[in-house]
Amino acid sequence: MASFQDIAPDLGKYIIEFAYGDIYSRPGLDLKQRQLLTITCLTTQGDCEPELSVHINTGLNVGLTQTEIIEAILHCIPYVGFPRVMNAMTIAKKVFSER
Amino acid sequence: MASFQDIAPDLGKYIIEFAYGDIYSRPGLDLKQRQLLTITCLTTQGDCEPELSVHINTGLNVGLTQTEIIEAILHCIPYVGFPRVMNAMTIAKKVFSER
Amino acid sequence: MASFQDIAPDLGKYIIEFAYGDIYSRPGLDLKQRQLLTITCLTTQGDCEPELSVHINTGLNVGLTQTEIIEAILHCIPYVGFPRVMNAMTIAKKVFSER
Amino acid sequence: MASFQDIAPDLGKYIIEFAYGDIYSRPGLDLKQRQLLTITCLTTQGDCEPELSVHINTGLNVGLTQTEIIEAILHCIPYVGFPRVMNAMTIAKKVFSER
Amino acid sequence: MASFQDIAPDLGKYIIEFAYGDIYSRPGLDLKQRQLLTITCLTTQGDCEPELSVHINTGLNVGLTQTEIIEAILHCIPYVGFPRVMNAMTIAKKVFSER
Amino acid sequence: MASFQDIAPDLGKYIIEFAYGDIYSRPGLDLKQRQLLTITCLTTQGDCEPELSVHINTGLNVGLTQTEIIEAILHCIPYVGFPRVMNAMTIAKKVFSER
């Protein structure tokens, strides 16, 4: 986000105010559940490597276990197939190894 | 699934054996969490109306509340935008009203 | 949007406050240009029929011509192929005929 | 295609000249192989119901068997998951039953 | 395009004849508008980094301002979410800095 | 696949048992046809570079010619547009040059 401060400062503002301020702060699901849903959403969408990396890290920071993250990614196989899952697992492995 | 019994009987078999037998029965996440991830995955992917309908129903059957399902769908807005979320919410509303 | 007032009232609020309040009101592009970009974005994404219908109508309301809308949709052929373009053109034809 | 003759006559022209004239007439793959690839491509992409319907019909017309078409659709499961495959199989079943 | 001259020379020919010859030369939208639509289309689709880079450069060459390009990318947030927009903004930033 | 042996050993198992064991071994289409469909499927889906690389190699190993692979990729242009096709052709060129 910080890297767009020069050319598009509102992009970071929208992420903070809308994504985090409005959405993540909603009641009904806790932060661990929300990070698991985010990881599932980004795995499914594809072409989201930087965001997946951030949210796998954040997920671990708020208390998700590596197993829960791996299970969430594997859970997508029947719905999106192996390529999206292998892409996400590659990123998860990298994040796990760097902590 | 039953509707493909005549032209592609193995399709139902794969869903039962692989999707349900192999994936849903894995440890690490409970059934409610898995249904919530499935709903998120199908919301993100788009063009999955029949499957979303089935899994919102199944989610309610295994104990998810309507609020949890609505929150999971709304949670996707920052990642996939409003159209995918509105499509999924339309289906959720229909499923809720028919139970 | 109004149809989610009962089960997810914040969805309409986010569309009004974020999509319209924050994004459409930005300077740098006028409303006609923004509607043309929205039509292009929804054509590309696929599975956005209700939103395309709304934005083709809104585009005509803010002064886009039918020709500009048709050209924006045709312009996508080299980037997304014929199926997405034919889906969008089917909706454009319906909207044009109903006004 | 004919249905866009009034609002976008060049759309049909591009399909005939580019898709059929330039691409389908290329050497290296025969018409049956090309229709099987088209069915695979449309199954994968999703939200292509009208085009899938046309090409499953055309595939049968150029000599593909129902089994080959069903196998091509089932073959996509590991790469795109069950929802896309079930959508395509629903259309295949409808086309088969109407001939 | 030039890089496929050896293994698939017709690919470059189709881009020149169909994409540029047939589509970009159509009346109804000017070149600046068409480049803005292309940038929107590629931002939405995802996994189009090389093409986005080319068209952001071409957009600047035909007279689009950096602001117009940034606004077109930001405009997609409500429709495709933040990840696609951040991917495109990363490329825009790189193109801007290299000119 | 081997690279996930430590964090998600079942992922490789599912690919071997389900993708190869169940799907590729089905009758009705031969191995060359199946690899051509896989290449088409991955070209269409996008963001599948590692898998495309593997399957273009495997396709050549089971007897597909470079021409057949190039034709399968070019065949997708009318359905998915030039960017997905150029991404796949870039990978094909790299695989061809490394053998």
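Letters are used for the chains, namely A, B, C, D, E and F, taken in the order the chains are written, and counting of residues starts over at 1 for each.
What we mean here is this: contacts are C-beta pairs under 8 Å (C-beta built on N, C-alpha and C of every residue); 3 or more make two chains touch, one makes a residue touch a chain.
In this text the structure is predicted, and so the values were computed from the model without any measurement.
Separation of chain A from chain C in touch steps, taking the shortest path, is 1. Contact with chain D and chain E alike is made by A, B, C, F. Where chain A touches chain D, over half of the residue numbers in use are shared by the two copies, so each contributes mostly the same positions. When the contact pairs of C-D are matched by residue number against D-E, A-C or A-F, over half are shared only with A-F.
Centre-to-centre, using mean CA coordinates, chain D is 19 Å away from chain F. Chain B and chain C have CA centres that are 27 Å apart. With centres taken as mean Cα positions, chain E sits 35 Å from chain B.
Contacts with at least two other chains are made by residues 10, 14-15, 18-19, 26, 42, 45-48, 51, 70, 74, 76-83 of chain A. In terms of which chains touch, the assembly is arranged so that all chains touch all other chains. Interface residues of chain C, counted against chain D in their complex, comprise 46-47, 66, 70, 73-74, 77, 81-87, 89-90, 92-93, 96. Residues 10, 14, 18, 22, 26 of chain C are the ones that touch chain A when the two sit in their complex.
Per the touch definition, chain D reaches chain C in the complex via residues 1, 3-4, 6-8, 10-11, 14-15, 19, 42, 45-48, 50-51.
Taken in their complex, chain D has these residues touching chain F: 15, 18-19, 23, 26, 28-29, 33-34, 36-38, 40-45, 48, 51, 67-68, 70-72, 74-80. Interface residues of chain E facing chain B in the complex, by the touch rule stated above, are 76-83.
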